[in-house]
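My questions will all concern the structure given below.
Letters A, B, C and D mark the chains as written, and numbering starts fresh at 1 in each.
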Amino acid sequence: MAATSFQARNLGLATEVWSNMLGDEVTIFLGLAGAMVPAGMRSLVAYLIQHRLIDCLVSTGANLFHDLHESLGRPHRRGSATADDVKLRELQVNRIYDVYAPEEEIVASEDFITAFSEGLDAGRPYATREYFYLLGQKLSGVAKEEGILTSAAKAGVPIYCPAIADSVYGMAIATGRAKSGHRLLFDVVKDAMETLEIAVSAKGTGVIYIGGGVPKNFIQQTQVYGEILGRKLAGHRYAIQVTTDAPQWGGLSGSSFEEARSWGKVATEASAVTVYCEATVALPIMVSALAESCSDVIRQRKRPTFTMGERLGIR
Amino acid sequence: MAATSFQARNLGLATEVWSNMLGDEVTIFLGLAGAMVPAGMRSLVAYLIQHRLIDCLVSTGANLFHDLHESLGRPHRRGSATADDVKLRELQVNRIYDVYAPEEEIVASEDFITAFSEGLDAGRPYATREYFYLLGQKLSGVAKEEGILTSAAKAGVPIYCPAIADSVYGMAIATGRAKSGHRLLFDVVKDAMETLEIAVSAKGTGVIYIGGGVPKNFIQQTQVYGEILGRKLAGHRYAIQVTTDAPQWGGLSGSSFEEARSWGKVATEASAVTVYCEATVALPIMVSALAESCSDVIRQRKRPTFTMGERLGIR
Amino acid sequence: MAATSFQARNLGLATEVWSNMLGDEVTIFLGLAGAMVPAGMRSLVAYLIQHRLIDCLVSTGANLFHDLHESLGRPHRRGSATADDVKLRELQVNRIYDVYAPEEEIVASEDFITAFSEGLDAGRPYATREYFYLLGQKLSGVAKEEGILTSAAKAGVPIYCPAIADSVYGMAIATGRAKSGHRLLFDVVKDAMETLEIAVSAKGTGVIYIGGGVPKNFIQQTQVYGEILGRKLAGHRYAIQVTTDAPQWGGLSGSSFEEARSWGKVATEASAVTVYCEATVALPIMVSALAESCSDVIRQRKRPTFTMGERLGIR
Amino acid sequence: MAATSFQARNLGLATEVWSNMLGDEVTIFLGLAGAMVPAGMRSLVAYLIQHRLIDCLVSTGANLFHDLHESLGRPHRRGSATADDVKLRELQVNRIYDVYAPEEEIVASEDFITAFSEGLDAGRPYATREYFYLLGQKLSGVAKEEGILTSAAKAGVPIYCPAIADSVYGMAIATGRAKSGHRLLFDVVKDAMETLEIAVSAKGTGVIYIGGGVPKNFIQQTQVYGEILGRKLAGHRYAIQVTTDAPQWGGLSGSSFEEARSWGKVATEASAVTVYCEATVALPIMVSALAESCSDVIRQRKRPTFTMGERLGIR
């Protein structure tokens, strides 16, 4: 594929960059935006975690909610992108492009979150990383099929969700607070500091961005602020982004890795590739190519080990 | 313009929808994503706040940082989108598409945030709304030119930044925490609950999304969860989005208002228009049209009044 | 506008480039793709011709058909982009995004073309330039409102349609050939040679591309092949494109002016700007800015004079 | 893949539609736009022709030129999308996104076309179909590796290039005309009529559009004008498009198959899928899936037989 051109070449090159990351001693961040779980990418992301093709996940709340939703045995239904949405509304069926999720089932999953969250300690704030670790453990006892949260809890892969209030999690926790007064707090600055710590502790870092948004920016900023923890960093050493956005719109989501170099987010000499392709097409191609050609590299790779208490341990 | 077709028509229709919002008794949310302030839209957004063409702002941290940056007298420089980024890195100049911001100046603004944040009470968590209100007041004494934060503090327009840790704010506060141990906390669930309260208190709501991301989703969810505060809502009554994303990519940022109807985020019978256009082009056209043709409507509109203590007051 | 950033800046810069073209002694080509006439841009393009903000038009057949259609008193109707197309099919109403054109009226305009074409000389092939000149003259006697073809015939602005068979023109002429055996021929190589001649005769050239496709490529190639007519050219001196396509897709339509420099299509030192914006939004802004600020320049500009016989005259 | 969502699902569905086309008794048109041959898709398109996964090709001139170029032993070179184009200009290397083609080699291929074209009969106009058939035969004696033109000549697959003057072909022929006065003529209306004939002779039709532009429109129009040849058609029965354009821009290239139904270009009940993906990624996936799963269907399919004289024969 790298022998052709245009985006097929970029897809081939991105796979090579990922393969090189796995062979080097770097900590790999995955930024996950877009409705990847409703779109059927849950098992694939779980695979990345189980086999440690990534070391740390930063995600939108939505992907983590829909992962829990499927873990609780509530699948997303195949729908149509040209459905009659007023009719769907009447039927209480929520649409995500060409996927359906009945409202009643969403509510049941919300209730699960509300109940789980009320079991946590209102006396101290949580990093979202700790929250999702505990939730992953809880789900492991319930899930019918391995998902993102459950795999991550087992594999000790930290998950961050810096915009947690902007999701069903936020709303389910708000529901609990409104009903019982139980006031669960998140310490989102701690999230930011922990990702800094991960970056500063690593010999080097690699990043894979599926979409842009908060996950991309949150991972980008770890390279700019190493000094806070006493070590100036030089930018991510490997960088892949799979995006349907584009630089000309000026936003961070579509911004190029060239621009990122000016900030020191990506190293001057980094291996960096942008693949302009919707991720449900690109991601399975990359991962199956890696699974086929890099199985030894994957097994033998040196990777960080995390412990997930109130305080994140990194070795 | 509404008499032509394609996106010019949509731009015309969106202006009409906004005009109708202003004439109806609705609370208007603005979701602001994308690097709008570096791109020169700061005064325009400040204008929207001062003249109350909007009532509540939900923004990325970046826009609020770059607003503070300009308020502190540090302008963004006209640069080039095809610059040599390795050279920029050497010169310590950060690039945002075709805009430059020298690193040294960024650091000075960070220091301002660190100092300001250390002056707050580490004993209780803040809604980001309260934080930005206090910051806006502080800046009002310093700013050379009216900006978003200063205008909002004066006009009593609440600003939410649900992903605050994902920005220079998060990092500047982390710096303070690392140095002095001063542990400022944000209660992002409170943010979510306050926006619910605003929605529930209103006779109706209208929304304007500049880009997608967290601001769009955060405002969308207020209509789905009214029940938490005891009132089932029927969806935003007016809705405008200006975007360069598109539905076929499946993500929330590019999702259509039709899809939003299936969830009840937008009312079944809402006036809703999507303008596919980069916002630096579309927004000034809409706002200057409204300023010209709706000055009476704007002056006379019924709008909510907010008070900005630890607890948000709404009248 | 040039004082802001992102696409607003590019829109401002493009207007400046056009203004500079008008002040310099260059021949200006306009490439017109996309359904600009159904979208309501007919009068604007006619304005460009009448006031000679352009000197030569290369267009898709569709725009020239829809221009004739309106000249014959058959307006395009305001429709909806989310219409039920099966129902429209039953009603025999053709949809172009959010514009409608009843089939019956289309057929009537086709008949006009068939009849007109059968009046031409089957004994020799026509340049499309000559064909549209004669058609413009014919329409001038009939048109209720000035359009593209009628203005061009009056102003002596040559119009080329290199893919004429790929349009209602081709089909209407085929209808005549099937019925009466009248075999009208086009000499499309002559089209290409005439545009070369225009380029070679000019002191310099400027180009404005609304969309990509054949019109863009056809105008681009005139700079590469000057040698055929004995003069090596150095590339267009001024270049503007307004597009919603993008370089990463690899096609000519979205290709950058940087890429064009490698071919010598655009001069190494050319003033060249790409505006990423749908043209119904961008074009009226540019033209009204020029009409306001450059009226003297427009009146006084030195421009080529063309005569439109079987052989194109250029002075 | 059809079991996931978003564009992966569409890619899976498109492959199913193609598979169904092959199993049904329909004539299959391929519209080929975008620089697919420079991007490395030449062998793949040749494969489609050789194994008759398509029956008729409508292409831009560029793809047919670059096919000849490679047939003459001049490969496209792997380049960089961020090259210094002024330097490339000095080196006389032409860039197509991330592909290079040295000017000297382009000129050599042009010379081949000029010489070939001067061998044709200036006394009568050619359909582009006949021209490319004769050229394919000529190249078959020379080509080092099977390409599009050579395969099509052997397989009796007609190739149309309605905008032939808008390409190196047009320019190479113009060169001959300027030098020797040899005036080769194309009858592009004949092209249009022949494609009508193919459509009218078929039990049904299926279409695959790689990109938009002239090829898409030219194939679309065959269903609207069957009456010219005495048979009202009902629209293509199967339709696939692989595109990076989008409906909201209003142009034909990005227009939906829903819109096409209003015109009768696509049948009301057609199986139609749009895949929003750059074709170098999507096309190889579809074709390799078909090659694997449909080999029997492909071998046994009923397909039209064409003879390629001055007059097209269809059986």
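Note that in this section a residue touches a chain if its C-beta (ideal position, glycine included) is under 8 Å from a C-beta of that chain, and two chains touch if they have at least 3 such contacts.
This structure is a prediction, so every number in the text was calculated from the model and none was measured.
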item	value
Farthest-lying chain, centroid of Cα atoms versus that of chain C	A
Intercentroid distance (Cα basis), chain B paired with chain A, Å	24
Separation of mean Cα positions, chain D and chain B [Å, integer]	47
CA centroid of chain B to CA centroid of chain C, Å	41
Residues of chain A engaged with two or more neighbouring chains	5-7, 35, 39, 97-98, 246, 248-250, 258, 276, 278, 280
Graph class of chain-chain contacts, one of line, ring, star, complete, other	complete
Residue ranges of chain A in contact with chain C within the complex	5-7, 246, 248-250, 276
Residues of chain B defined as touching chain C within the complex	1, 3-9, 11, 35, 38-41, 76, 78, 82, 97-99, 258, 276-278, 280-282, 284-285
Partner chain C, residues of chain D touching it in the complex	33-35, 39, 62, 81, 83, 85-86, 88-89, 93-98, 125, 162-167, 170-171, 173-175, 177-178, 183-189, 191-193, 196, 211, 213-214, 217-218, 221, 224-225, 228-229, 244-253, 255, 258-264, 268, 278, 280
